[in-house]
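Let me begin by presenting the structure, written as structure tokens, before commenting on it.
Think of it as A, B, C and D in the order they're written, each chain with its own count starting at 1.
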Amino acid sequence: MKKTDMKKLRVGICGASGYTGIELLRILALHPHIEVTAVTSEKSAGKKLQEVFPFLSAYRDLAFEPMDKERLLHKADLFFLALPHGASQEAVHYFFRKGKRAIDLSADYRISDAATYAEWYGLLHNHQDTLKKAVYGLPEIYRKKIQKARLIANPGCYPTSAILGLMPALKSRVIDPSTITIDSKSGTSGAGRKADLGISFCEVNEGFRAYGITTHRHTPEIEQEISSLAGKKVMVNFTPHLLPVDRGILTTIYARLTKQMDTQKMLSHYTRAYASEPFVRVLTGELFPNIKHVRGTNTCEIGLKVNPRTNTLVIVSAIDNLVKGAAGQAVHNMNLMMGFAETEGISHLALFP
Amino acid sequence: MKKTDMKKLRVGICGASGYTGIELLRILALHPHIEVTAVTSEKSAGKKLQEVFPFLSAYRDLAFEPMDKERLLHKADLFFLALPHGASQEAVHYFFRKGKRAIDLSADYRISDAATYAEWYGLLHNHQDTLKKAVYGLPEIYRKKIQKARLIANPGCYPTSAILGLMPALKSRVIDPSTITIDSKSGTSGAGRKADLGISFCEVNEGFRAYGITTHRHTPEIEQEISSLAGKKVMVNFTPHLLPVDRGILTTIYARLTKQMDTQKMLSHYTRAYASEPFVRVLTGELFPNIKHVRGTNTCEIGLKVNPRTNTLVIVSAIDNLVKGAAGQAVHNMNLMMGFAETEGISHLALFP
Amino acid sequence: MKKTDMKKLRVGICGASGYTGIELLRILALHPHIEVTAVTSEKSAGKKLQEVFPFLSAYRDLAFEPMDKERLLHKADLFFLALPHGASQEAVHYFFRKGKRAIDLSADYRISDAATYAEWYGLLHNHQDTLKKAVYGLPEIYRKKIQKARLIANPGCYPTSAILGLMPALKSRVIDPSTITIDSKSGTSGAGRKADLGISFCEVNEGFRAYGITTHRHTPEIEQEISSLAGKKVMVNFTPHLLPVDRGILTTIYARLTKQMDTQKMLSHYTRAYASEPFVRVLTGELFPNIKHVRGTNTCEIGLKVNPRTNTLVIVSAIDNLVKGAAGQAVHNMNLMMGFAETEGISHLALFP
Amino acid sequence: MKKTDMKKLRVGICGASGYTGIELLRILALHPHIEVTAVTSEKSAGKKLQEVFPFLSAYRDLAFEPMDKERLLHKADLFFLALPHGASQEAVHYFFRKGKRAIDLSADYRISDAATYAEWYGLLHNHQDTLKKAVYGLPEIYRKKIQKARLIANPGCYPTSAILGLMPALKSRVIDPSTITIDSKSGTSGAGRKADLGISFCEVNEGFRAYGITTHRHTPEIEQEISSLAGKKVMVNFTPHLLPVDRGILTTIYARLTKQMDTQKMLSHYTRAYASEPFVRVLTGELFPNIKHVRGTNTCEIGLKVNPRTNTLVIVSAIDNLVKGAAGQAVHNMNLMMGFAETEGISHLALFP
């Protein structure tokens, strides 16, 4: 059966007026196999999308509604949930138990160990049975599981950049996982769409600062996947920083080598490891990642260099936090779950400059 | 005949390593009916696109070549020319006379009066016969001519924003054309991609200034079209400014009313005038344009207000200078010339934020 | 008597945790003749300045207190009031009537006609007797009155840039005041320091928009002073825009000439008019203002050009909205009132880049 | 003797039209004990400062001259050299040997080992005798030597932020120096004032990237001073990144602890270590550095946190690369050499926002 003959998949977006929700709407507007049939927003409930966001001009008749899961249930076949942490737990569980597909962009179903979730998020997990069904939606690791899943925990933005940067080195055991330092820098859209003095223009613009030092909630998510790749429990140094740009995460990673290996050989290893991945681009020829070169795309750019003086591998990865770090990866997961072409709707090039 | 069954149109881009060229490549990568078969760049001749711009990942095998019109001739059916003013004259003439289609993004074929061109650009026009064949590629005015044309003079970025902002008011004679003031503000990509201290980051960032006051070369282009719409010779005040953003033009226009008219009535007039235009969005409900809401799109946003105290109409229009102001409008023109769907390849929504 | 031998003037700042208040503190830290003895902030009352703003390191022991005018009265000899419009009315009146000096940075005492104030600000003026004592604090016009005043209405940021740009032309009657159009662009600090979605980083950055079209509250203030200079009642077109920069206002002004005059002659006129002004810099030699060149300074840069085609004078003025447009001009006014050297504390050069 | 009675020191600036030179001029304009008597610029030689930079309004009569050391010799008593690396060698040597004082802002006299200099800078050092006389101008380490010196090698911007961040921990031996990773992010003014595509606005704005990974020339300078503090030869991982802001360096440093120590205790140690330093501010109370809070100042802000999970000390330091990282520190060094008050001319507060 040709995909274009299929009846369109009905898609609902819970939390559609935040930056991730808007980004899902931007991407899905050009996706040939789906139709957005429901969008929620508490603040804008009752208003048409175009009254609030005239630039979402592809959605002429769609209106925001409140987050009422019973009312939403029959409106869509698959739900993207871009709700705050905690708020997703119940809704995801409900949709999943009622037989729907769900892609959760919150952290609620990412941490497989409920105790770790409770420790870092300060919340009990009330649906551990459903939690067990969730697949961590990083296609470069879990593609096959995602294809069969009905519930996806879409990865966090920082973890996506860190895990993809480290995977080939970890799997081949060429670095010592106990020495990993992850220094990440994120655009301000990662902080969400809200009235908050700390992210007001004049506080962020021309500024740069670290935050959440040693305590950021993406730490256990990174450690869960790094540990799995390393085959043993790993703890990492992770420091996020706030960049005065709209979009993009650049992550610089340091780890000691377990054996001598030069830059060229390491690059070959990375290039091979990601050769068949449509959304990872390993840079060679003395080129290195720039968040500007992945803006608006689902691509993760990776560059690296071995420092022979300190016997350290330095990896740099760049993603668009709203695309590969959120909405784009979610659509990628949907494509995999539904059997659509993997790159459908997310193959556009970077908006440069 | 279904469009998807057509043999793909072979497209060449002369001057493909500037911002307009890169933007053409970004847009055309997702256009279903064309194939880019040649790209030129003097500086990067001989290099693959991906060596120079890894983010242009859709063009795996294409390489830059020098601008050699004889060699290019048989490589493509339609040429986009994103060359500097003056450099386009000869190439456009050549391709056109050899039976090809050409869309010129320089100013060389925009000014129908060769003397005016000579006065403002300091260059003689050596192909006035070909100049006569050129159609000014603003679809909202010249759609029918464009559909039959083989040579398009793609409008300048400032003129696009000014003319679209003024058209309904001029055509209905509700403003006095002798009182028009056009105050425009453009993102820095409008200055081109080049090594130049004046557009280096630290000179532009956190700055704002006017330039080309009373002397900018887009003035005669604006006046040519405004005069045509007004039915008489018009001269305008036009001041461009440099915004510390990558993309976008916002133009604020002032003109005295010839008769009393309130904001609501004027808005209705504008809404009707552009009702069937796919790329003009008239904003109502106290909403006004923002360059951020058209970023990456081929849309022109228009808002307006009547000032009853001064009997003045204030119009604000916003476009993305690289899309509706250049590459997107060029693709729109190609779609019209070739009989493709008008919005093909340029219907994506704004990248926001 | 040498100024350095004088007992220091005790200064209080009401509303010291906004951008204008912080800027006053930055400037006054190096002013040799004053001592800041009281600062108010409702939100931070009880906290030391350095706990809230570690960068205000010159004020080791000063702590914020609530705005309690009775408690403040005896703590200072002169008060700067950087409170919201409306909130200043009562406090200014109180301090003034108790014999103190007051420099009000709100709009409450700028509009001499209480009915106009009521119309544009939606507030009654409860102290019209005190209003009559207020001097509009634009030293370039009212220097002598300021020197004798005890109550200064510090001008708005937009009006400062517009009035200084127009003054020489208006006084010499070379422009027709009924044709004035004022197109202003302001940095985001002009919107104040607050949690507000509309000025959050991702909404403002890479964006540009007009606001308050035909209705901005600085309109009557501009018209009051323009009318006074023109010797007749004048109404103007005034459109403010929001720039994605921290600081700076650039105002582009258009007015028809009443007689032929070329750029050079007009420049000579402006240069003469401002020859003895320490804070106005008229640019010649094809140089034009840039907000970046006045950043952090109390200078107003002015450039101009005559458009002979439309018989229009185009004036561009640039100020730092927080300095010449607020705190710096307030200190200038204080210097004049107190007999300090006019440039004391405000003679630093631009922070460039 | 009162300082204000002293004859003013005559100061020359070689390379005065770059960002460091302009910053020296900004700072020195308000310094009471000096007079700028000579400024050089090859490109602008013969022009008045104010023709080129109207905002340098304090220097009404000064004009640029070419870099002719013989002609300059008698014009000044002390020279600041803001020339490119390599170009300083000869000039510094000449001025020094002729009995003048020199503060070199290039790297030419920073690396005490000529072989290391040759290896990293690709240049032989032709004046190793003079090199031996140079004092590394970091007052927090070498104050006493600076006071007696006639030749200062002003530290690099990255090294200043890294060394000050690490000093107290290294001196007390609480970290293992072989585990140091230094991840630095710098504003674009660090790249200098020049026409270069790579630092043009549209390439830098909304972008972020690492550069010089494992090979940046500040590495040996950092290692020289870190080794000296650690009492043994140390090699470090150092990665610089380019921030889309004008000014500021934020450096995030990681090092394993040699013994258990909590954040509070480490902070106390740092606070004590810098208690008497006028230009270092250790932040407590869960506050962390922001480049915006040191903009335009000579202050280095330091914050830190111990990660007990990985037994790692995370230090964050922030400076303004043009002030504490260049011109401000140079003036501090001048103050120390000349016996002026240490903070003279560099005690202004941050320009915020």
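Quick note on the criterion: a contact is a pair of C-beta atoms (placed from the backbone, for glycine too) under 8 Å apart; a residue touches a chain by one contact, two chains touch by 3 or more.
Everything numeric here is computed off the predicted structure, so don't read it as measured data.
Asker: Looking at C-alpha means, what's the farthest chain from chain B?
Answerer: The most remote chain is D.
Asker: Once you count every C-beta pair in contact for both, which comes out on top, A-C or A-D?
Answerer: By the number of C-beta pairs in contact, the winner is A-D.
Asker: Nearest whole angstrom, what separates the Cα centre of chain A from the Cα centre of chain B?
Answerer: Here chain A and chain B have centroids separated by 36 Å.
Asker: Would you kindly tell me how far, in whole Å, the mean C-alpha position of chain C lies from that of chain A?
Answerer: Roughly 46 Å separates the two chain centres.
Asker: Return the distance between the CA-based centres of chain A and chain D, expressed in whole Å.
Answerer: Averaging C-alpha atoms per chain gives centres 39 Å apart.
Asker: Which parts of chain D, given as residue numbers and ranges, touch two or more other chains?
Answerer: 19, 189, 202-203, 205-206, 244-247, 293, 295, 353
Asker: Across the complex, what residues on chain D touch chain B?
Answerer: Result: residues 19, 188-189, 193-197, 199-206, 244-246 of chain D touch chain B.
Asker: Give the list of chain B residues in touch with chain A in this complex.
Answerer: 19, 22, 25-26, 29-30, 51, 53-58, 189, 206, 246-247, 281, 283, 285, 287, 293-297, 299, 301, 347-353
Asker: Considering the complex alone, what residue numbers of chain C touch chain B?
Answerer: It comes out as residues 179, 181, 183, 185, 202-203, 205-211, 213-214, 235-237, 239, 241, 243-248, 250, 252, 254, 288-293, 295, 303, 305-307, 309-310, 312, 314, 316, 318, 353.
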